[in-house]
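Shared chain: subunit A. Partners: subunit B in the first complex, subunit C in the second.
== the complex of A and B ==
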């Protein structure tokens, strides 16, 4: 099946979200457009504070109290019907949460209630959405999922969170996210705070489970290796905007935005004949999102910037088939060297 | 022993009655049931031996009355007032603290938190004195006497009444215990409000509460199983620890309201250098603190699985 034939599942239209702070409005997400198709893995990459998490929280309407929707909407398609998530009542969105869209937070190490057993989390989740299941049916299903995540299901279910290791908690959480067969699972930094071997294992398990079930993934990460391995599509975020959006191979081998180029180049290469000394990095720091000037936000840090970049914010250009970029000089960005 | 009451008594006999040292000592030891010729360590061992059998000796000031009898007579009153004060202040504090944690954007939240901070900074004896002044001394505008007849509210109950009088008696002990109880409540409630508010607020920010929301759990479920159970942990410990100070904390308040409980008895024993009574009461207070600490540990183990031993 080609990608063009896939049905749209989630569509974010021109979404802008600001936080009300004592200093003024902080524009965390600015005019974001993003589409997630069925069975697709979308990776959101970018540095800390670029709005990735705010964007994902808004999908399930779990933003902080001081967040404010400025414009745009998020549409979710189910059985040919459109549900506008940004306009849903608290009662309706509760049904969507976890059953349709499961959002896993970054700090997976403290997402389990310390005073109740892991199995209670599974039971509570299912009962919140469908009271018809017996405890035993829920436990059986949880066991099945936990064994898929290569965990000793009985032990994990009867443990408290503090009795599990970091990697076990992360895997238990992934199992928990599939308990209601959601259509979209959002992983916010699924591998931070884990060692490299555990990261590897999590990625392998995610792939395995991806082959078995039909669902889409939105994965937030600053680990580009994970994005490269899992994602079909990559969206680069900078200063609250999606500055580049395209197929994984397009982004990784022929990035069109200087920021994507910088990010990919900043990954240290282990296998290299000649040691080139310094690691490459992107000089400078992201802009203040409270006073936004009308210019390309990346221009002060950009090697390719021209006069134009400081005058006006660039609009989206189409680079190739489903490859979009917000840059005036995208033609000047060189492809990534394939060293090995 | 500093200003040994036996020595004082012996000297008094010698100087005022002109009897010999030996005679005076034998009279003193007969009176105090002490064998003064025994070495101190043997006296101490015999005290411990008696203690194990529940015999804490006899009062020096009122010879012939056993210390245990005195404690038995005074203990219930202190337990009644300080205990009610603790329970009432904890319940009110939990309720107000939870309200102020959830309604942080309401106009009354700063009022609750602010008055809690102020009142928790006032020492309990000052609260007691204020109560006496406001209700028992000042004749408010347009009245011919103070709000409450504070003179007749002294003591633990009206003379002559007993448990057989039923409801009248219960109303009477509450009327007499009212001032100490209110003082204990006011002295502690601020601390409970602040503790509960802080604990609930910090629990609300926890990742597991946020994830429970992301999982679509109902608000009632989140509040009871995810927030309340965790927010209650420090409250339970604090409550158990405070139980230990129930008896010790009553010293000044009971004197202020002339409430004949254990604290006032201890104070009188100190004034009269009544060592056996002092020792007996201090022993009870110590035991109370030790046991409530133990209780706190047990409670914590029951509520928080992280403190349990691994199976």
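== the complex of A and C ==
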């Protein structure tokens, strides 16, 4: 499809997931296609409830009990072999999880078990995957990773979670997610609830560690600035669908979906913010994902909507070099004004 | 009538007693004019929320003075206190927790009106509640009156909080991180409605946030104060403070904030601080509290003497290095 030089690592094909709720089926993820290449950082942006966390949970097959796979599959490529994650048995997926694909949850501040030391978390994680490491080897490796995260490794390993600050816990957790050398790490809101200076530190460290090791990252975030900082590719999600997908520069400077356009125009900037008047919210609120009508889900909130948009839901199509969008009127969406 | 709505001088606040004593506010001096927007920015634990709570009189202060409309808040009589509570309102950070879940939107807005005898008959109350909901953009009003908070989205709940704060026609509002839990696409509209209300009703805002970009947007015509460990380290008119930041801490904050623009954010000038975390409030370094992280710290002055917040009306800095040059 794309003439990317890099090899494909993860490919999500036409994935749909629904939650069974008392009111009916809640379509949290709808016909999502997404490819992650080797050594690539993909950011999933969108508002709360748009399905980004559901999508990522399904990659490691950790969906809630009431989640149901409606159609589609997730393929993971390893040594030229295809593994279909959505069809794997619990035993097989356990091998993939953390060893191949690690997931760092949101609110990671509370991930650590409060009654065991940090080092036990590292040991437990490795032992659970049973690859014959000795305790000493694990500790050595953890120390190495922790010092990469610019932490005092000995102190952190022998601490309990409550003895560390928020930023330190976050960094320890990033180190923990790398302990088995995964090929993909999924970060769910990696810097929310952190202070500005701590956030900066985490961003810089992620970039640093990215240069050193070979792996891909999927970042889930509602904060566009984090995507702008780290991502090579950005996918905008709305109402369970990926409505736009492209290179970071394309999305930020010439978005083709009215929703991406609206989001970017709703974020104030600190420096070079001379175009204050241009900032505006997107009116209205996202649709209920239980009763989905056959129309563009964004149309009620969209300034560019035409009759067509209310008749039929647009599908995602190619509009430029690795730039895809699901909108009938994408040509009418103006580029973002830049003032420097 | 005093020129300034709020005057704070040498304000201190401690929590705990004896050995557990912790000073969270350590000598604040500033004033807020009528109709002014005053933003306070700082990292978690710097004391900004405590200060907000003191200004709303939900927390007492330990030392110093806080005058509201010329009156010392500590010495308010019961009767004065009642009108103070009418004049000063607070909007909380978490719209999910600050609304009573078993009351309808109508009762949430109507209760303060009845409590302060602003409206008496049901018809009057109904009209007033509708007017206020309309003001904050919850329209059509009839759709909202009988709903409960759980039936509203986060943005709508925050609007109800704003509406509730407006019922008593306050002259001063303490807004604590009001948009940090709101989705990006709605933030601007909440901030814009607050700004609009300010124009219309001459309200002063004390706006608490950890996000300088939000402060910069909201207080474009106002002032921003940067707080570190219970002290204001820099205070200035918004543009002056952002484009001409002097204190190393402010510089570091401005440089560290990621911007929603891939090129700008990667080419932004950073200001590197010394390694390390914020010291604990229990053992604040002597001299300038920032000296453990400051790349400019000079012997001996920064380690012996606490710097004062000095400068012009437009821009004040508490830093020996800046103020001595």
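We adopt the following convention: the second predicted complex is superposed on the first by the 328 of 340 C-alpha atoms of A that agree within 3 Å, B and C clash if a C-alpha of one lies under 4 Å from a C-alpha of the other, contacts with A are read in each partner's own complex, and residues count from 1 in each chain.
Definition applied: contacts are C-beta pairs under 8 Å (C-beta built on N, C-alpha and C of every residue); 3 or more make two chains touch, one makes a residue touch a chain.
Computed from a predicted structure; not experimentally measured.
Colleague: So, on subunit A, is it clash or fit between subunit B and subunit C?
Modeller: fit
Colleague: Considering only the touch criterion stated at the top, classify A:125 as touching first (subunit B), second (subunit C), both, or neither.
Modeller: Touch partner of A:125: subunit B, not subunit C.
Colleague: For subunit A, which side has the bigger count of touched residues, subunit B or subunit C?
Modeller: Larger number of subunit A residues touched: C.
Colleague: Let me test your reading of the model: by the given contact rule, A:112 touches which partner, first (subunit B), second (subunit C), both or neither?
Modeller: Only subunit B is touched by A:112; subunit C is not.
Colleague: Just checking: does A:248 make contact with subunit B only, subunit C only, both, or neither of them? Give me first, second, both or neither.
Modeller: second
Colleague: Could you read off the angle at the CA centre of subunit A, spanning the centres of subunit B and subunit C, to the nearest 10°?
Modeller: 70
Colleague: Regarding the shared-chain residue A:222, is it in contact with subunit B (first), subunit C (second), both, or neither?
Modeller: A:222: touches subunit C, not subunit B.
Colleague: Is A:41 touching anything from subunit B or subunit C once the two structures are fitted on A? First, second, both or neither.
Modeller: neither
Colleague: If you stack the two complexes on chain A, which partner ends up touching A:200: first (subunit B), second (subunit C), both, or neither?
Modeller: In the superposition, A:200 contacts subunit C only.
Colleague: A:18 contacts which: subunit B (first), subunit C (second), both, neither?
Modeller: Neither partner.
Colleague: Nearest approach of subunit B to subunit C by C-alpha atoms in the superposition, in Å, rounded to an integer.
Modeller: The answer is 15 Å, the least C-alpha separation in the overlay.
Colleague: If I apply the document's touch criterion, which positions on subunit A are contacted by subunit B in one structure and by subunit C in the other?
Modeller: None.
Colleague: Which positions of subunit A touch subunit B when the two form their complex?
Modeller: Checking each residue of subunit A against subunit B gives 60, 62, 94-99, 102-105, 107, 110-116, 120-121, 124-125, 128-129, 160, 162-163, 176.
Colleague: Mind pulling up the subunit A residues that touch subunit C in the complex?
Modeller: 47-48, 150, 165, 167-168, 195-197, 199-200, 203, 222-229, 248-249, 252, 262-264, 266-273, 276, 279-283, 285, 338, 340
Colleague: In the complex of these two chains, what residues of subunit B are touching subunit A?
Modeller: Residues 206-208, 210-218, 221, 225-226, 229-230, 233, 303-306, 310.
Colleague: Across the complex, what residues on subunit C touch subunit A?
Modeller: 43-44, 153-156, 183-189, 192, 210-214, 216-217, 220, 242, 252-254, 256-266, 268, 270, 273, 275, 277
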